Amino acid sequence: MHRFANPARFLRLAAVILPWTAIATVLLLGAGLYLGLIASPADYQQGETVRIMYVHVPSAWLGMACYSTMAFASAVALIWKHPLADLVGKSAAPIGAGFTFVCLVTGSLWGRPMWGTWWAWDARLTSMLILLFLYLGYMALINAFDDPTRGARAAAILALAGAVNIPIIKFSVDWWNTLHQPASVTKFGMPSVDPAMLVPLLLMGLGFTTFFVTVLLLRVRSEIIAAKIRAIRLTQIHASSSQVAG
Amino acid sequence: MTDDIPTATFSAENLACVRGERVVFAQMDFRLSSGEAVLLLGPNGSGKSSLLRLLAGLLKPASGHLLWDGTPVLDDREAHAARIHYVGHHDAIKPVLSVLENLRFWARLHDPKSGDATAQAALETMGLWRLAEVPGKLLSAGQKRRLNLARLLAAPAPVWLLDEPTVALDRASVKVLEGVMAEHRAAGGMVVLSTHADVDLPGAREMHLDDYTPAPMDVSEVWI
Amino acid sequence: MSRMIEIVRRDLRLALRQGSDSVMVVTFFVLTVVLFPFGIGPEANILERTSAGVLWVTALLASMLSLDRLFQADYEDGSLELLALTPTALEVLVLGKVAAHWLTTGLPLMVAAPVLAVLLHMNADGFGTLLLTMLLGTPTLSLIGAMGAALVLGARRGGVLLSLLVLPLYVPVLIFGVGAIDAAVQGLPSQAHLLILGGMLLASLALTPWAAAAALRQALE
Amino acid sequence: MSRMIEIVRRDLRLALRQGSDSVMVVTFFVLTVVLFPFGIGPEANILERTSAGVLWVTALLASMLSLDRLFQADYEDGSLELLALTPTALEVLVLGKVAAHWLTTGLPLMVAAPVLAVLLHMNADGFGTLLLTMLLGTPTLSLIGAMGAALVLGARRGGVLLSLLVLPLYVPVLIFGVGAIDAAVQGLPSQAHLLILGGMLLASLALTPWAAAAALRQALE
Amino acid sequence: MTDDIPTATFSAENLACVRGERVVFAQMDFRLSSGEAVLLLGPNGSGKSSLLRLLAGLLKPASGHLLWDGTPVLDDREAHAARIHYVGHHDAIKPVLSVLENLRFWARLHDPKSGDATAQAALETMGLWRLAEVPGKLLSAGQKRRLNLARLLAAPAPVWLLDEPTVALDRASVKVLEGVMAEHRAAGGMVVLSTHADVDLPGAREMHLDDYTPAPMDVSEVWI
């Protein structure tokens, strides 16, 4: 099936979705930032620094969400060999790395006032740092082979193996008593956060998500085109490679 | 040593092989029953080694399936591995291990019950028994190749996949190999052999790999 | 199973005859720690403070530097193809090679560790924990490393890539290893750290052979 | 001469593309030193006292562990035969390979060293001397190592022999390297140490290429 | 490209070769002048590769001397190295370097003045020019061998020492190689070639290595 898979359908779909996600991103982020940075109250104990949360938490969520997407795509690519899945994984990685990086930076910026330290080898922090390295490793690996399909497979395996890290990040706060505070928004049952903070937080979360979708679609599209070009060049290179002297 | 092999068929329909994003061959049908042999011919780069690796299960076909008595082989890799012996371009000989150690390792790995007796018999057939204690690094090219071929005898398996096995062999050894292959087929074994030289494989079906090379410029097909 | 043992035996034999990097690495481990006093001067208290860290950092380097040859040699001389074609799950064979790697790096390190700990004036209360952390930690290193080594087979810049993949996964082992020892030395409970180490061992034991085997199959395509 | 440059260029290119062990070892040097604070705790004064030792021990490790592959790869794929058959003294080619090895290990180590020295809170007075010792010491390490690697090629118990062979030669470099830095840090004159280091460099420059070339010819018989 | 080679003679008297504490061959006389060729034949382990390595100067003869126009070659290794091209069992191809990079390196090393033009010409003759940018690891066995042979053309040298050069080559490439060798000899070059297959080397003198295996200890007898 591998050589007969056809990108045309995907391209058509992307063309339809893209404008909507793009617009949604702008609106959601706009509203979220306004509510978060201006309209919402400062925290009674954390003061203004609480506003870091509106970037920190969504980027943390997306950092993990991207990786889950990547791992899923990798599974599809390995099992069904669907070429599109490879491209999705490849395209998702840098975005996720970006989110994770932002989460780490905002986190440690926030940690300075809250915990009096930029960094601690706390379970969640460590696992998040490892997530970043997993992204970097994935990106390095996928480009490290002369044969792109081979690179994609190797990277996919890494992505799957690294997936254990996600639940660790998520639940580390519950398993070990960490510096980092446990889930309050994503707690099952009623969230234990004041709506004035919850609403902008969720808006930002949605905005980040649509942003992710938009960029992902764009990247996959360009990957497809690149692959086509490569294929053409290869067929030409090898065209008569097997006959001696012309 | 390969007496108790039941008749079986090893077949494939509409095989296609893609390497480095490029279609090496496509729409290849393939069929082999006990006692038969196939001779792979074709210019360099036409895909002989690729086909053999594909039959061995090292490569996954881009399309088509390999069937053993009608059941897909990739369903049970171990079972398939137990059925085949693959001799590739590399001799897989450790320079610091003695000839016997090298052979015994591979034999045991293929069939844990295979004893030293069979190993010795194999080395004798290949005219290496006198070198049994010599470390691999001291072997000449042909001696290395013979040691590699000795694996075929040290642990029985119905399907032999041989990639240019006569390389570096002197004429006498080529004769020995031809004899061994005949014996193997007489006992119901199968042989797939790629070569550029002349190998005497009576009644073998010839496959010219270049017949299956797809026409260069069909981009729509090559889309990965 | 018997096949796995075959592999272990072969790899050990090879390591002995041609002296795999690992042997060298262990020699090095001992050397470093012996030399260390030269480096930082023999003040007992400093040595004591640093001992756990020195031991673990060196152990980490030692096991890591012997990694990139783990599958490379077999890959180059065609043995890997044949291994992939043996009638057993490749995962099992991988475990065999990992075991061999651990026996030639991790085990000697463990044996050497207490002696070196003495040289470094480590507080005797730490010895038990030191051994425990090594027992839990070094196999984890070998396992994770095997996965990395398999993934980078045939890659450009294999070496750097390997360290990029593997080191981040090694760091936690280091952290918790040292943490446990320091805790023990200061008479605090070190169960928490040890549990985490154990968890990492189990996780990698479950995951990495599968990943490594899959990666090897890819490498052979 | 132009041939020597060809070799250097090729080896550098290889190192870049496939990431020779050496590149990895450098990544690794940096990492070790960065890890070190985690290992021994961030107390500035301890770090300061240990910095010279840590840096040199790691540098030594870095160049040593990349060595046993120096000729191995060329030996296995037949390149060494052809190198031995080029119309130049083999000694020159050996120098070429050593140069390449130094450029991929020694030089990066030197570049990284000061940065790491800062991380380790080394006293700024030591920096100049640190660089000097590295400049004199690392090439010596590469040279000695090359000889060892060549001697081992043919031999059966490769790695072990290599380490046993080369380590004793390495140790003095380490001792005097650290000695010089410590002296400088304490404001004492370090010329004596530096002179000895220079002497060792010259001696190995004169002897090892010849020994290595002879050994390689042996290995090819 | 090998026009300006003066007639010369490459000879040896009473050569003996010992490997692994064992005499491989002895009392061998050898003589080769410009334009001539020698075909080395003999069973595995009879010493063909050993002789070639010996002629190349990689092995030192246990007795006897190699002479070039009467002067011992070991007196001036560099000069001898400049005279010969050796093609052994290994292809000396770096997997991460492109075909062109691989070739250029060896050409420059042999003759620093050799330019890209000659390299390209060599690749074209060997039918590899289309693969010039492909990394070595993607080459098929025969493509690797052809790349190795391209060295012969990329930098001229009067004496070609070829150890089973036709291994893995398809028939077409063998023809090309034969043509190249004929050209080389016509221009006054010399060829020493070991093979188990049939290679067309018109007017070549045949040497059967097993004739020189010392009587007391037969080929398979080993003292290690």
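By written order: A, B, C, D and E. Residues from 1 in each chain.
As a convention for this text, contacts are C-beta pairs under 8 Å (C-beta built on N, C-alpha and C of every residue); 3 or more make two chains touch, one makes a residue touch a chain.
Keep in mind that what you see is a predicted model, and the values were worked out from it rather than measured.
Q: Rounded to the nearest 5 degrees, how far is chain B rotated relative to chain E when their C-alpha atoms are superposed?
A: Angle of rotation between the two copies: 175 degrees.
Q: Please identify the chain lying most centrally, where each chain is represented by the average of its Cα atoms.
A: C
Q: Taking each chain's centre as the mean of its C-alpha atoms, give the chain farthest from chain E.
A: A
Q: Measuring between mean CA coordinates, which chain is farthest from chain D?
A: Max centre-to-centre separation from chain D belongs to B.
Q: Just give me the whole-number Å value for how far the CA centre of chain A lies from that of chain C.
A: Roughly 31 Å separates the two chain centres.
Q: What's the distance between the Cα centroids of chain D and chain E, rounded to whole Å?
A: Their C-alpha centroids are separated by 37 Å.
Q: Taking the mean of the CA coordinates per chain, how far is chain A from chain E in Å?
A: 57
Q: Using mean CA coordinates as chain centres, what's the chain A-chain D distance in Å?
A: A distance of 41 Å separates the two centres.
Q: If I count partner chains per residue in chain E, which residues reach a count of at least 2?
A: 89, 95-96, 137-138, 143, 146, 170, 172-173 - these are the residues of chain E that touch more than one other chain.
Q: Which parts of chain C, given as residue numbers and ranges, touch two or more other chains?
A: Residues 17-18, 154-158, 161, 164, 171, 175, 221.
Q: Could you check chain A for residues that touch two or more other chains and list them?
A: 121, 146-147, 238-241, 243-244
Q: Once bound in the complex, which stretches of chain C touch chain D?
A: Within the complex, chain C contacts chain D at residues 16-25, 27-28, 31-32, 35-36, 38-41, 43, 46, 49-50, 52-54, 56-57, 60-61, 64-65, 68, 76, 155-164, 167, 171, 174-175, 178, 182.
Q: List the residues on chain D that touch chain E in their complex, please.
A: Going through chain D, the ones touching chain E are 2-3, 6-7, 10, 13-14, 17-18, 76-79, 81-89, 220-221.
Q: Which residues of chain E touch chain B in the complex?
A: Touch list, chain E to chain B: 19-20, 42-46, 49, 89, 138, 140-143, 146, 163-164, 167-174, 196-197, 220-222, 224.
Q: Which chain B residues qualify as touching chain C in the complex?
A: Touch list, chain B to chain C: 53, 56-60, 78-79, 81-82, 84, 86, 88-97, 101, 105-106, 108-110, 112.
Q: For the complex, give me every residue of chain C touching chain A.
A: Where chain C meets chain A, its residues are 147, 151-152, 154-158, 161, 164-165, 168-169, 171-172, 175, 179, 192, 196, 203, 207-208, 210-211, 214-215, 218-219, 221.
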